[in-house]
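Okay, here's the structure, questions in a sec.
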Amino acid sequence: MIRTLRILAITLACVAFTGMLATSIWTIAGNSDPGNLPQLLSENLDRSGVEHPVTAVLLNFRSYDTLLEIGVLVIAGIAGISMAKTASLEDPQLRTADSLLYALQRWFVPLMLVLAGYLLWAGADRPGGAFQAGAVLAATGVLLRLGGVPMEFLRPGLLLRLGLALGFTVFLLVAVASAIAGDAFLAYPPGMTKTLIVVIESVLTLSIAMVLLALFVSAPVNDAEDPEEGSSS
Amino acid sequence: MTLWLMAGLLFTPLAWAVLTLLTDFSRGRLVTWGGILVQVLVSLGLWLTVARDGGFHYGLGGWQAPLGIELRVDGLAVTFVLLTAVVASACGLHAGVYIDPDKPWHRYFWPLFWFLWSGLNVVWLGGDLFNLYVGLELISLSAVGLVALGGKANALRASLRYLLAALLGSLVYLLGVALMYGQFGTLSIAGVVSWLGVHPVPAGSGLALALMVTGLALKTALFPLHRWLPPAHGIARSPVSALLSALVVKASFYMAARLWLELGEPLGNLAAAQLVGLLGSAAVVWGSWLACRQPQLKQVVAYSSVAQIGYLFLLFPLTYSVSESVSLQAQQGITLQVISHALAKAAMFLAAGNLILSAGSNRVDALTGVSRFLPFSLFSFGLAGVSLMSLPPTGGFAAKWLLLQASLGSGQWWWILVMLIGGLLSAAYVFRIYRASFLESAGPDRFYHPARSLEVIPMILALLALGLGLASDQVLSVMALPFEEGGSP
Amino acid sequence: MMSPASVLALLAVALPLLYPAMALNAGWVRAMRFALPLLPLPALVLAVGADPGWQLELPWLLNGGLWAMDELRRLFLLLTAVLWTVAGIYAAGYLKAHHLRRFCVFWGLTLAGNLGLTVAVDIGSFYSLFALMTFAGYGLVVHEGTDEATHAGRVYLIMAVLGEMAILAGLLLASVAADSQMLADLPRAIAGSPRRDLIIALLIAGFGVKAGLPLLHFWLPLAHPVAPTPASAVLSGAMIKAGLLGWLVTLPFGEAALPGWGALMIVAGAVGAIGAAVLGVRQQQPKTVLAYSSISQMGLIVLMVGAAMADSERAPVLFSIIALYALHHGLAKGSLFLSAGITLPSGAMRRAAVWLLIALPGLSLAGLPFTSGALAKLAMKESLLEERLEFAVAGYLSPLMVAGAVATLLLVLRYLWTLNGKIETGRNPPMLVTGWLASVGVSLVAFWWMPWEVEGLVKSPEWLPAGYQLWALAWPMLIAVALAAVALLASRLVRQRSLQ
Amino acid sequence: MTSSLLYALAGAILCGIGLFGLLWLSHLLRKLLAFNIMGSGVFLVMVGLPQHQGGPDPVPQALVLTGIVVAIAATALAVVLIRRYFHLSGMTGLEDEPASPERGPE
Amino acid sequence: MTLNAWIPVFALMTSLIASLVIFALPEKGYRLRTWVNLGAALVKLSLVVVMVWGVFQGVEYGLSFTMVPGVTFVLKADALSMMFAGLSAVLWLLTTIYAVGYLEDSPNRSRFFGFFSLCVASTMGIALAGNLFTFFLFYEMLTLSTYPLVVHRGTEKALRAGRTYVIYTLTGGAVLLLAIAWLHGVAGDLPFREGGHFMDADPDIHRSLILIFILLVAGLGVKAAIFPLHGWLPQAMVAPAPVSALLHAVAVVKAGAFGIVRVVYDIYGVEASSALGVLEPLAWLAAFTILYGSFRALSQTDLKRRLAFSTVSQVSYIILGISLFGPVAAAGGLVHLLHQGIMKITLFFCAGNYAETLGIHRIDEMDGAGRRMPGTSVAFTIGAFGMIGAPPLAGFITKWTMGSGALAANMDWVIVVLLSSSLLNAAYFLPVMHRLWFREPAGSWPEERHWGRLETSAWLFWPPLLTAVMTVMVGVLASLPFSPLSWAELIALREYSP
């Protein structure tokens, strides 16, 4: 009874919410003021160093957002690996004897690496960029991991942490360096914009992949025994 | 100069997060000390600069709004920046001693701590709706990480609850941002305001504000949405609880308040304002009542946060369609409430941590006789409690006074009752702790005595909360500083 | 520079007031006993030697203090000082070691109050010292610690507190009416005050408690007998007069004729004089009989006070008579009380001498010729003659006085009778005897050398009254003796009857 | 009614569905998925609502990209937490709270 | 700012700093703590003496700064504040001495003395507060600093009493805050001013003013233990004797009474209050409390409880005095502020001595204690007689002055109240004294301790004697300049002809 009432109430609330939202969207779409932001953006696209407006917004106009976004990723990574076991990642059960998976690994991993590289490069003038590349890279890692490749660097150690921090650090350094050069923060020195963005994108790709992979690894598998950690303080 | 101060503010926490990520706990502590020094100096410097020259907009990356992200550096923002510097450094210093360095996962405390700090600075200074969203997420995730640190089941449950609430809140906020952008075509708050200055108020945009405020209220744990807060704040390490209660919930409130103050008049309506006020009042009463009934010390303090946050939401009714002076009084009152609650609650959590450390248990009953052996921490706890009870001369009192005046001035006398009842209820739960600690136990000193530095830090915070009342006029005068529209370093 | 009189006055109050401090040192407690007689000496000297019109201003005291001396006060001071001196001597011999220290402390305090109120002219110090006397007197009343004493003490205290409250209220009202803190300003103000009757009632009742006014008296027969004998003496002889003095200095005598109040007082006095006798002759305890005698005597004085109230013209004359009578009664009653504590020596002659000395003050009280009593009674008679007074009930005064005289002697005889039953044979401590003898001496002899010749009071005493006066004194006494004889006979008969 | 508005309205519906899921479902992973659905809805609204003469507005797209990263980070973290929570307590939801044992010294 | 501006601050700071120093001292630093305490008390006393002299000469002491927007923090020394400050300075010194002896060898002394000093600092602040806001600040500080003292013993009973105390006082504080805020809203930031502010107030705000007055009195009346709000006081007597002494004589109840004085005189102004018609009900209330307290005291068997109800009764004298319209009655009420303090502290000291030396708590255990402890008993007797209003002690001066004032104000019924109260006081004090002096002791004392030559510890012995001497002196020497009475008359004069 209560359950029914509850579901009824929730449903009603959600429907009302949706309705209100839709009405609001409808109204706004009807009377919205076409802002001048896109024009402004295309006017300034030249100065941004990349051709693709989205990437320009991400890595130049609103690069601060991106910096923080990477920060969020790093945080998630840190919080994740703080949960991770310290024991060896060498888990015999994981190593698969499945030949199909093995073959898949053999064929797909290089392909995916190339794809990641392409996505990264393409971000300058087409949809794509560091995140997409990083995601693909991480997927590669997941594949490897599922195939039983130990990937020692994913053990919570300095290496992992360095990896996590790399992209972020470089981004940060660039931001500060530009200020040392006398410009505003996160302002790229004229002429070097393109180069710097590419550098940033590449390290970011690495870091993003690292974070996602670390998070994947951090989650305990279903029936792993975990007697010691967390149960005592 | 200002440039460097801004850089220090925005980037050193991030840099320190990276640095501490690469070290272990003990070295991280050393690094953190350095970082705290830098942060405090930079915050102070910026505060002084603003106090001297007035506030300004700061465009990041050389791009001005609406294209780029513009920060709004005004008196209020720098005051909160300074507050953050004080409270966070206190928590950081306390944590450095308090947290057991031998546990391997504690090394991640420092990077999370620094990310949290940077997120806070983003929110205080943010003038861009989306940037604020990212800042919020930065705060939420690092806070969740801090709560979950150590990874016991209870902590995990609390942090999951917290994470889900925070994520939902952020999404709702983001939905509001989407509607805003759809309506006004800009993400800068100042841009929206100026747009509204020349155009008539468009229909349907009220929902955007409502969504944003709702999302933020969820993150701030306003009354019916408060259930995630006590477990999370109660179960975390004391310095973490202190950070969460003192600063993290304030960040989302700060955003809601800014939005309301800038956009509430055109986009809000009276019923909504009163509703929010009503919820705040309910939070005051309900939170205090539950605080009185908690068996565990930190739960008491955590529910007290729910109650104290309730006061903050009185800002909404007290600034909506009232006279300029009343609105100013309410704003000043809420500002003081935020500051004093931050200081007092941090002091309280840190002191509670000391008490728990020495009593060996989180239960209120376990404090029997502690006043005999640990008067210093208890005294800090008490002083902080005085501020929560909003007794003079604390900042809490000054805040309540201004709110009382604002309520009287706007004829909304019903909030007065809320404040008085809330004050009494808060006294009830604070005195409940005293009572337990004053109970004489026959036994000898069975308490662990924490390090002196652990005891000093909450005391300093509590004294600051106390002194705030005496200096509140000076503090608030920063809010009235001139602001150079479009001015830039 | 203070005059010697001022120094004496301060000393007179301060000496007994500070004397209790001796109790702090255990070694001095023995000395306290022997210091008792010395305490009133400065007051005695002051009473005898002070210049008329001497006054001492104490502006810092309470609401501004003023102590002074006039003839009325001189007489009262004299009485008080003398009586306390002889009682002090007596007490030095009388007291046992038990609670000696406590007794001495309260003695000193009571004495200080009693002496001080006599010279105090401002309301504040008068009332303070009056209260001091009252409350410290409690210590004397309950000193013996018996159940009777405790009971008597409780009654005393309740009455005293009620009395104090009445006095406070009366003084307060009067003071506000007069807008002055001086007693001297009160009578006129009371007479003119719209709250006149209230104030008068309060004051009469308040001081009446102390003075044993009928209906307010019943603490007195309880308290006086249970107190140690020297304390009884001063209670009955001196402190009871403090109430009288209170009336005399506050009530509006001579300011306005108050026949109503006068009649009331006369009735009260009559009731007191005769009623107390009726009750008194039925008592078994010698000291209780004496206490009733005191009430009876005070009743006579109240008669005069009533007359003075009723007839404003005659008030000054009556004042002197009242003072004279008070002095006489105080001394005689003091010595009577003291005699209740002595034991008979062996040897018939000595016994007879002692009995004589016991009886003489009693007879003096009854108006035996050649005694102070005769003088007082005659003066009283003179003053209350009907034709001289101008108010309604004046005609009843003479018969009342006769009745009073009869009552007096009857009570004295009853006292002697009961004393005879109680008195023991044995040796008296020398100090006790000295004190008693001194009291008898003062009552009988020294009375005549006292400084009478003061303007406006009493004519110098006549050694030998005229014949008609002798008769006037004698016939009530004869009636009394006859009545006593009848009573004796009757009681014999009854006893024989019951023996059979 | 443009196509982008359609996206936005679809986003609104997704939001509703996601909200329903968040409120109703108790299994943590489902909640998380509901969150992601709602997130997608929000992103759709964000991209779909602003309409301009000059084609799609790149700014919301960039924002959404950032939003996605954030959402992914949060989701990944949540998954880790959920897994770990399940691992320690054997529970998949938050509601059936066991009697909270007394917590020892921190 | 000149030195004069800072003297009140120094006076405030002496005990505040003393408190902080004491908190920091280790529990075992007995000697140092005692010296800090006494030193601070002496310094404060001398500062107060300086100020008293200065105020008499018409010097202005005070400083102010804006604390919260629209509200100033004002410290100011005027005649009235000096009265209260003087009282607390003198009695602090004595109580400190007493407390040192009383708490010898007991635990938590550091805590005790720390809060003790804090309590006195608050009292000083209340005395020197220059407006209601500042007053409220210290008023609440007082509540908080006394709580640890009330519950000092840490027993269940003490804690219960502490809870009652806190509930009462904090609720009172909340009401007071409401009233102050409302008043602030109606009339702005009002400094205490002789003659008040509402002499010719706008008739439109009369209703508000009356309501505010009721709220103010209700808020302050809790501490002043006016009739329905007195419940905490008798319970709070479980505190150690020096605390009771301080609570009853100086700090808490006096703070309430003092606050009402301030409100009537320096905020509303006595004429305005009278015109608003609020004084007479207040007088009736006070009169009722006087009688009620006395009646309740009659039936108490615990000595300190009896004294506590006596306090309920006595404090209302102050309120009665000031609510009678007239300078003489006012002086009577004001002077009782001091007189009651001195007398009541004597009584509590003595009660403490009996408890500490002989283990006597109940009245029926007191038989014959006068012989064992004559000094204490003399002090007790003097104090009790003072309470009764026996001349020439302090209480008499009060009653006399107040009675004269009441008559001058044509409120004759007050005399009846005064006398009845005296009678009742006598009824519950005289039996005690009878027991002390005239009963034989019942063999052995409940819990006797010996201290060599004196009847009790010297620390305990002298303070009550001193206050007893003061009880006598303020009565006997009432007409001297700088006596409490003269000072009260000075205040009344200034209030009635500002």
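When the chains are written out, they are named A, B, C, D and E in that same order, and each has its own residue count from 1.
In this section, contacts are C-beta pairs under 8 Å (C-beta built on N, C-alpha and C of every residue); 3 or more make two chains touch, one makes a residue touch a chain.
Treat the numbers as computed from the prediction; the structure is a model and nothing was measured.
Taking the definition of touch as given, a chain qualifies here only if it contacts chain B and chain C alike; those chains are E.
In a view that ignores chain B, the other chains are joined by touching into A, D | C, E. Here the chain-to-chain distance from chain B to chain D, counted in touching steps, is 1. The most distant chain from chain A is C, comparing centres defined as mean Cα coordinates. A simple rule picks the central chain: find each chain's mean C-alpha point, then take the one closest to the mean of all protein C-alpha atoms, which gives E.
Should one ask which of C-E and B-E has more C-beta pairs in contact, the pair is B-E. Chain centres here are Cα means. That of chain A falls 16 Å from that of chain D. Measuring from the averaged C-alpha position of chain D to that of chain E gives a distance of 64 Å. Once the centre of each chain is set as its mean CA position, chain C and chain D turn out to be 106 Å apart. With centres set at the average Cα position, the gap from chain A to chain C is 114 Å.
Multi-chain contact residues of chain D, defined as those touching 2 or more other chains: 8, 15, 45, 49-50, 59, 63, 66, 70, 73-74, 77, 81, 84, 88, 104, 106. Chains touching one another form the pairs A-B, A-D, B-D, B-E, C-E. Taken together, the chain C residues at the contact with chain E in this complex read 23-24, 59-65, 102, 124-125, 127-128, 131-132, 135, 139, 142, 145, 150, 153, 157, 161-162, 164-165, 168-169, 172-173, 175-176.
Partner chain B is touched in their complex by these residues of chain A: 20-21, 23-29, 31-37, 40-41, 44, 60-65, 67-69, 71-72, 74-76, 78-79, 81-83, 86, 156, 158, 161-162, 164-165, 168-169, 172, 175-176, 179, 183-188, 229-231, 233. Contacts from chain E toward chain B in the complex involve residues 23, 65-71, 73, 107-108, 110-111, 133, 136-138, 140-141, 143-144, 147-148, 151-156, 158-159, 162-163, 166, 170-171, 173-175, 177-178, 181-182, 184-185.
By the touch rule above, chain E contacts chain C in their complex via residues 374-375, 385, 389-392, 396-397, 399-400, 403-404, 407-408, 415, 419, 422-423, 426, 430, 434, 437-438, 440, 475-480.
Partner chain D is touched in their complex by these residues of chain A: 7, 10-11, 13-15, 17-18, 21-22, 25-26, 28-29, 32, 34-35, 37-39, 41-42, 53-58, 62, 65-66, 69-70, 72-73, 75-77, 79-80, 83, 129, 131, 135, 208, 211-212, 215-216, 218-220, 224, 226, 230-231, 233.
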